[in-house]
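Chain lettering (A, B, C and D) follows the sequence in which the chains are written, and residue indices restart at 1 in each chain.
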Amino acid sequence: MTLHPMTEAASLQALLDSDLFAPWVRELGLKVDAAERDAVHLQLPIAPRHVHGGGVLCGQTMMAAADTAMVVAISAAIGGFKPMTTVQLQTSFLRPIAGDAGAARVTARVLRRGKNLVFGEIQISDARGQLAAHATTTYAML
Amino acid sequence: MTLHPMTEAASLQALLDSDLFAPWVRELGLKVDAAERDAVHLQLPIAPRHVHGGGVLCGQTMMAAADTAMVVAISAAIGGFKPMTTVQLQTSFLRPIAGDAGAARVTARVLRRGKNLVFGEIQISDARGQLAAHATTTYAML
Amino acid sequence: MTLHPMTEAASLQALLDSDLFAPWVRELGLKVDAAERDAVHLQLPIAPRHVHGGGVLCGQTMMAAADTAMVVAISAAIGGFKPMTTVQLQTSFLRPIAGDAGAARVTARVLRRGKNLVFGEIQISDARGQLAAHATTTYAML
Amino acid sequence: MTLHPMTEAASLQALLDSDLFAPWVRELGLKVDAAERDAVHLQLPIAPRHVHGGGVLCGQTMMAAADTAMVVAISAAIGGFKPMTTVQLQTSFLRPIAGDAGAARVTARVLRRGKNLVFGEIQISDARGQLAAHATTTYAML
């Protein structure tokens, strides 16, 4: 896949909606808002299916969104999707996001792109912009 | 909830199947195999919905299983569910698990139970027992 | 200890040089450059004692600087030192820093200050401003 | 360097004492107790220089010991030292170790050795065998 600058967000959305991702992951319903050279901004809709008994967006959903968003950010940075694999992902949960908050914002950023390894950071914020989850990750290009 | 020793695995399974967990997480279909004092052993069925385009179990599913399994392990250790929240979870992905491998094994273990914080470790292995993902985590009891 | 705004950097330097830190850690020679409300900026001199056989600043030194800088950042944020302990610290090493590069820059930032837990992030950059190490951490206030 | 099985612990000790490690790191005084195929056991003496104002072994020392021990474990696993670099290291601090506790035990274990990446785990325990720090790490072979 090669990304066309004029249609980059649409191309990244097509990537997100493709069977590169598992069906269960596509059900996150992530939407690409914008792409920069080394970062992408997405919306994560807060559906009732992702809300646990405590009434907040569950952490499992935030980790899945973080990992998925980083694939999109790396694809944006390298101009298209190439086979890659997550080496590790560390997530800290700073604040809960209420289950009726509408949508969370996910920003994934490539911090360092080496030949084999890519380092990144993901921030998930609530609708008011408060940081809810913060992840760092390493990917290996295959 | 208080756990009855004679029916502990069944009680933990009921916990897993309850609305304490988000519906999207319950779809993991985790099954409690056995419980020890500080650890639980679960099966994670590898359904096609959790397999990505590369033909392997997706990492998002493994992270979700790890986090979920730790809630079960902590509940087993303290004799029932109490409100808690994940502070952080770090997962390393050591080996892929083939999408047709049947089921993965998840072992979650409490390493240290403090008054406010609980530390744990989760191992996800393939059917042959090879370690595929290794996670460490901190929980806060609320 | 209470910090006086007019002399905040000096107060934080005094904290760094006090026996709150182990002698081996004080030998890092960290210098406080500036403090903001939720962040501190320090210099880490690259002494030959911290350079390994490969000719670069060793990772052990960067982790020690990251942990130490966060204590300073939290002290700045709360207006003085209070007993605290590191719960976890995750460091990614993005680029080596040459052993003759003079000094590295360390920025530690408080991302979220809760009642019991504080979340932070530390960036270590080389003299040209390139990110060399990136850490995230959780502290517990005692 | 090639390790000779009959003298493996001595060879690994020589590695530890060589200028592959920065002088500041060698001051940890780590001693190799024993080596297995994929793991090494070391002693970390608790010197006053590594004790902070709270009277316990400082976390910076434990992280430095963890990283250093993993280099030794990987060298043991591959039969000698080869150039490598730490990609990331995550440490959780479970319990303090008293500053007068004599020596801590450090076990570093290779969990997975791939062509380019090596995954490992490090446990630091007090003299009574209680787990004080638990680290996971990824190394890249250069």
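Note that in this section a contact is a pair of C-beta atoms (placed from the backbone, for glycine too) under 8 Å apart; a residue touches a chain by one contact, two chains touch by 3 or more.
Just so it is clear, the model here is predicted, and its values are computed rather than measured.
> Among the chains, which one keeps its Cα centre farthest from the Cα centre of subunit C?
Comparing chain centres, B lies farthest from subunit C.
> Select, from A-B and B-C, the pair of chains that is joined by more C-beta pairs in contact.
A-B
> Report the inter-chain centroid distance for subunit B and subunit C in whole angstrom, where each centroid is the mean of the CA atoms.
Taking the average C-alpha coordinate of subunit B and of subunit C, the gap between them is 35 Å.
> Would you kindly tell me how far, in whole Å, the mean C-alpha position of subunit D lies from that of subunit B?
Centres of subunit B and subunit D (C-alpha means) sit 29 Å apart.
> With chain centres defined as C-alpha means, what is the inter-centre distance between subunit A and subunit B in Å?
Taking the mean C-alpha position of each chain, the two centres sit 23 Å apart.
> Where in subunit A do residues touch two or more other chains at once?
Within subunit A, residues 87-88, 90, 92, 136, 138 contact more than one other chain.
> In their shared complex, at which residues does subunit C touch subunit D?
So the residues of subunit C touching subunit D come out as 18-25, 27, 48-54, 58-61, 63-64, 67-68, 83, 85-93, 96.
> For a test of understanding, state which residues of subunit C touch subunit B in their complex under the given definition.
Going by the criterion above, the answer is residues 87-88, 90, 116-117, 136, 138, 140.
> Going by the contact rule at the top, pick out the subunit C residues touching subunit A in the complex.
Against subunit A, the touching part of subunit C is residues 90, 92, 94-95, 111-112, 119, 121, 131, 134, 136, 138.
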